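Labels run A, B and C following the written order; every chain starts at residue 1.
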Amino acid sequence: MEAMPRGLKALSWITGALFGVALYMVFFYAPREAVMGEVQRVFYFHVAAGWVGALAFLVTAVAGVLYLARGNRRWDIVAQASVEIGVVFTLINIVSGSIWARPIWNTWWTWDPRLVTATVMELIYIAYLMLRQGLEDPGRRARFGAVYGILGFLSVPLTFLSIRIFRTIHPVVVGNSDPTAQGAFDMTPRMLQAFMFSLMTFTFLYATALWHRVRLGRLAEKVDQLKMKVMAG
Amino acid sequence: MAEAFSRPDRAPVAHRGARGYLRAVSAIVWKDLAAEMRSRELLGAMLVFALVVILIFNFALELDIRTRETITSGVLWVTFTFAGTLGLSRSMAIEKDRGCLDGLLLAPVDRSALYFGKALGNLVFMLIVEAIVLPVYSVLYNVNLLQPGLLLVIALGSIGYVTVGTLLASMAVQARTRDVLLPILLFPVIIPVLVAAVKASNGFLQGLEMAEIWPWLNLLIGYDVIFAAVALMVFDYVVEE
Amino acid sequence: MIEVRRLVKNFGLKVVLRGLEFHAEPGEFVALLGPNGAGKTTFLRILASLSRPTLGEVRLAGFQLPSQAAAVRRILGVVSHQPLLYGDLTAEENLRFYGRMYGVSRLESRIADVLEMVGLSARRRDLVRHFSRGMQQRLAIGRAILHDPEIMLFDEPHTGLDQEAAAMLDGVLREVAAKGRTVVMTSHDLARASELATRIDILSKGVIARTVTRQELDPAALPALYRAVTHG
């Protein structure tokens, strides 16, 4: 069996360390927000998770295009790995958004563009996985996955746009300095640092998880190949 | 190969190219229509389904006249969406079941002609169902649905729906879980069409300013164009082995 | 006419064809025998341009697959064990549809000729749904020869036919082959194969293990030979 490559080991350690620092920054370094209180700290992870969800989606779509163009199975493994990770992070995004919304707006769910789009994205992710599961032939699984990944990815911005044209109650964090907008707040420099650091940490987390998962996929394929050899005698 | 071409009983093959392409597309649409006119299974199912859904809405929602006006477009589009999946599934299932898809793939035409033919056929069926549902709804609920603006939205929305739906149905039909899979794949991706179509329909029904309706129409047209282009590019990968 | 070199076909990690070599001259009638799962249908599908080769070279009438697939399809007629017919259309409507897809000119007279040849003229206005399996197979052959292809591929065409229907099918097959077409037919029926074919190939474990021509062959010895090759 292959040993874990040193790069991956190093990356895993680095990510772990970054995460520790991020936790410190979010809970201790960043100040307590004036209006919303402690619950506002959820925001750092909420947005970072949302960012990773979108990034994972993009990676899946691009890997899909590359698979269709080149036919190399490696791209299919990347696409599937990215979807699996994206599902988890998008779920974190939705749930943390819910946790944040409850004390602020006294509701578990808000029908605003960003939250709805995240949910739709999650549904597309799940549909992707169900599509793959319903197919036997690995070549077909890869091709159809790629096609659906591309379609899904293209539809999400349009979904966002369509719901955006409704009024939103989602706080506009960056760029909107209207303090009367419900739930909006300006970020102090320390908050901004914590925010940026969280974004970076979560990106590292995504990359590490992706590498691990892709490695897992390739090892699984090797096992299948060995099985075939043994059975063929 | 010279001798092969001079055999006396060889049936000459007509011109290829653009005419052959159009001929193939129209042959497929014609075939689907002719088969359907014989059995009438598909249209019957879609119509009954649509009318039942509308009746259920009436009993479930029990609204006064004014509220009803505002939700008409939503009810209509939910109905079309669900009835539409019946049509899409069945249209592809016909090809899959007797192996006819192979027959189509063996034809010496560009694969995109197959996509166009099926999509156009699906569109015709959807428009037929809508053409029947609209007057029925108008009569039942005493609201005039036969307005040009509304008809335009219905056409644009149906095009978007069928464009993506035909492609996804081609994939779903090859999976084990084919019946449940199509709605699961289709609905999340089709949301921009639904939202835009409902809002635009509502705009026309309520007599809103064109300025308010334009963004929705633009979104519909944009969606139709983008996804038609993408579908044409990827259809090959869905049918080839 | 048909040239196949070092053909490999995988489905994911499963290797079905392992460097298969095959060759057919114009006018040959090759019967392809082999046990279930040996890859006969897979091979035929690749020749029919319905499936892509993983590796290797496949040429039909000088055209290469998969790059020149469209050109190949024009001169190819395929009969699989599914009829590829639309049940809700009549016999002539089915032929008309395929005729238009293939761009066959003088279509109506061609349809009449083909129906005559497969013995279904009397049933031309009947729905295919009401046809027996034997009739469907004959109509399927009619569909396949509508555009007068040079190469014909048959995948176990006698499956599910009773004796009478099978005999009728043989008659049609002989007529089809007599026009100088190149035919490849897979089959389980050793007796029929040796009667119809000019050459017999036995496919085993992903390659053509043995080839015998009609001259070399003693039909009585075929079953033993087949057993030896496939279990060797």
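Simple rule for what comes next: a contact is a pair of C-beta atoms (placed from the backbone, for glycine too) under 8 Å apart; a residue touches a chain by one contact, two chains touch by 3 or more.
Everything numeric in this text was worked out from a predicted model, so none of it was measured.
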{"item": "Central chain (by mean CA position)", "value": "B"}
{"item": "Busiest interface, counted in C-beta pairs", "value": "B-C"}
{"item": "Relative to subunit C, chain with the most remote C-alpha centre", "value": "A"}
{"item": "Where subunit A and subunit C are represented by their mean Cα positions, the distance between them in whole Å", "value": "51"}
{"item": "Subunit A-subunit B separation of Cα centroids, rounded to whole Å", "value": "33"}
{"item": "Centre-of-Cα separation between subunit C and subunit B, whole angstrom", "value": "36"}
{"item": "Touching two or more other chains - residue numbers and ranges from subunit C", "value": "none"}
{"item": "Per-residue multi-chain contacts in subunit B, two or more chains", "value": "241"}
{"item": "Overlap residues in subunit A, where contacts from two or more other chains coincide", "value": "139"}
{"item": "Sites on subunit B touched by subunit A in the complex", "value": "164, 167-168, 171-172, 174-178, 181, 184-185, 187-192, 195-196, 199, 215-216, 219, 222-223, 226-227, 230, 234, 237-238, 241"}
{"item": "Touching residues (chain side subunit A, partner subunit B) in the complex", "value": "68, 120, 123-124, 126-127, 130-131, 133-136, 139-140, 143-144, 146-148, 150-152, 154-155, 158-159, 161-163, 165"}
{"item": "Complex contacts: residues of subunit C adjacent to subunit B", "value": "26, 45, 48-52, 61-62, 70-71, 73-74, 76, 78, 80, 82-89, 93, 97-98, 100-106, 110, 127, 143, 146-148, 150, 179-180"}
{"item": "Residues of subunit A defined as touching subunit C within the complex", "value": "137-139, 221, 224-225, 228"}
{"item": "Sites on subunit C touched by subunit A in the complex", "value": "11-15"}
